[in-house]
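Each chain carries a letter (A, B and C) given by its place in the written order, and its residues are counted from 1.
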């Protein structure tokens, strides 16, 4: 029975275009979600042990087949588009701010970066990496931005909580010291 | 001094400052506010095509830096811990906090880039349904009428509330030196002799006060106002010397504000940045009422 | 070496959407066509023996992964129960934009909707409701989309001009700007 379920999962994942949530599979196979998760884990490790050229990845809350990263050199030649153009440093920083501070307003982003963020936010919205997720309750009802499922896919993450903690990036003592030293008003 | 602000990616004032401060990590003990301020101002002057929506932020931070530097140039004061002294430390700490925040997100963005780069090594399967199943999918347009399409279009076109910058919860100040210059040039002739305190009454943000101060200094430099102070920390008196309201902005000696150009640019004038900051170094603190030859350039608010 | 070649074939076939001819694979891997054929045969029998839910099929002169015929019942159920059956609000809006504003580029659609429209446009093209109708003359030569006769049939319209008029509705300045300028590269 387990074998049959695993085959069914493989078959369905082969014809889907976006990550499939475990509860969708559970409904289809009429088994508990937990069963789906452990079956997918088994499949993933079978491919790993069998040294397959593909992997079963958990991305953006669902499962999908994708090529093995080791094979990147081969598939690059095949897929010209799809590789997204690199984001600018400004766009990446803005993305980091939205990712860690969401939901966040345009003004808050601008305040952290020290420059207007309008153009960059627009670009990120157009790329589908961030989206309006609500409105500020304060005066002005500023648009609030958050990250999208597409971004999770682009990051290869299952959920946003899987991002490294922001605390990991707070500058260490040497940098703090340098900053402090550089801005000391009296000699 | 080779900091090049590369367009079109404008990295912002914190980036610039961060770059200047952390670049010299090797010999942090020699690091001084003077060299950083000099380089900051120099970099500012190099930005020939400074997006003026951004210029204010740069100038405000330059103002804080210059103030920090001016502190350092003055003979050490015995009566430390004055209100003013505390204020500048507070300003400094604020700037420091924002630099740390900026650095944190900069490093976080590197991590995000690394994740993206790794993820790009794999491509997802997106082949979709095989032909033999294609006929099974129900026709998604069943029940959709031309009117539904119209309704959807109207929904798309519905004017979305214009996103407004809510000033309630942000530190970003949306007031420019140019705007303030203009406002003061109209207000001062009508108001008669007044004081800095009176002029800035009602301003919410410290940075707004700095903008007013910069605008006043500009007017002073152009000979449009007289500034006097009876002593340190005393009331700063402001008296209008110019002719009619609004005339001040046509003074040739000031920074050139090209009001005709469609995209307003800052045009550095007069002595180079190095000399300018030396002149500044020799001058007493700005609050003494002497106009420093600070970073030139005036922002035009295009709100 | 053989193992590496097989992994590469698996990776490439996993991410391509149409069958890949053996000589294309041979060129990519820099091995004779005969080698590719025998490697693919090996892979196919590995999947068979491993009782996978997918097969490596030879279709239309090329190779591709597809779901195992035994699993067809699951796929059928998946398709029939799929939530993607009805046109989503996003898809309907995108369709409306193309219908009323054609010819229109992907960037313009994204700009008007405020979110990326790539996936939705692709789906609509696949369904045959919209199609490429030309290229923008500007830099980048963006693909321009328009509606098809199939859509007219589905909507019961004789010609596109028969679409209900939008009336005196005046779009907001942001929308107008987006319509007029399309996507301006920023950040």
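Throughout what follows, contacts are C-beta pairs under 8 Å (C-beta built on N, C-alpha and C of every residue); 3 or more make two chains touch, one makes a residue touch a chain.
Owing to the predicted nature of the structure, the values given are computational and were not obtained by experimental measurement.
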| item | value |
| --- | --- |
| Farthest chain (mean CA position) relative to chain B | C |
| Most central chain, Cα average position | A |
| Mean-CA-position distance for chain B and chain A (Å) | 32 |
| Chain centre separation in whole Å, for chain C relative to chain B (CA means) | 45 |
| Whole-Å separation of chain centres (CA-atom averages), chain A against chain C | 22 |
| Residues of chain B whose C-beta touches two or more other chains | 9, 123-130, 133 |
| Touching two or more other chains - residues of chain A | 14-15, 18, 54, 65-68, 70, 75, 79, 88, 90 |
| In the complex with chain A, residue positions of chain C that touch it | 3, 6-12, 14-16, 28-29, 50-54, 65-68, 70-71, 74-75, 77-78, 81, 107, 110-111, 114-116, 118-119, 183, 186-187 |
| Chain B partner contacts - residues on chain C that touch it in the complex | 14-17, 64-67, 72, 75-76, 79-80, 82, 84-87, 89, 91-93, 95-97, 99-100, 112-114, 126-127, 129, 151, 154-157, 162-164, 166, 169, 171-172, 174-175, 186-187 |
| Interface residues, chain B side, partner chain A - complex | 9-15, 18, 20-22, 24-25, 28-29, 31-33, 36, 53-54, 57, 61, 65, 67-69, 71-72, 76, 88-89, 92, 95-96, 98-113, 115-116, 118-130, 133, 161, 163-172 |
| Residues of chain B defined as touching chain C within the complex | 8-9, 123-130, 132-133, 136-141, 144-150, 152-160, 162 |
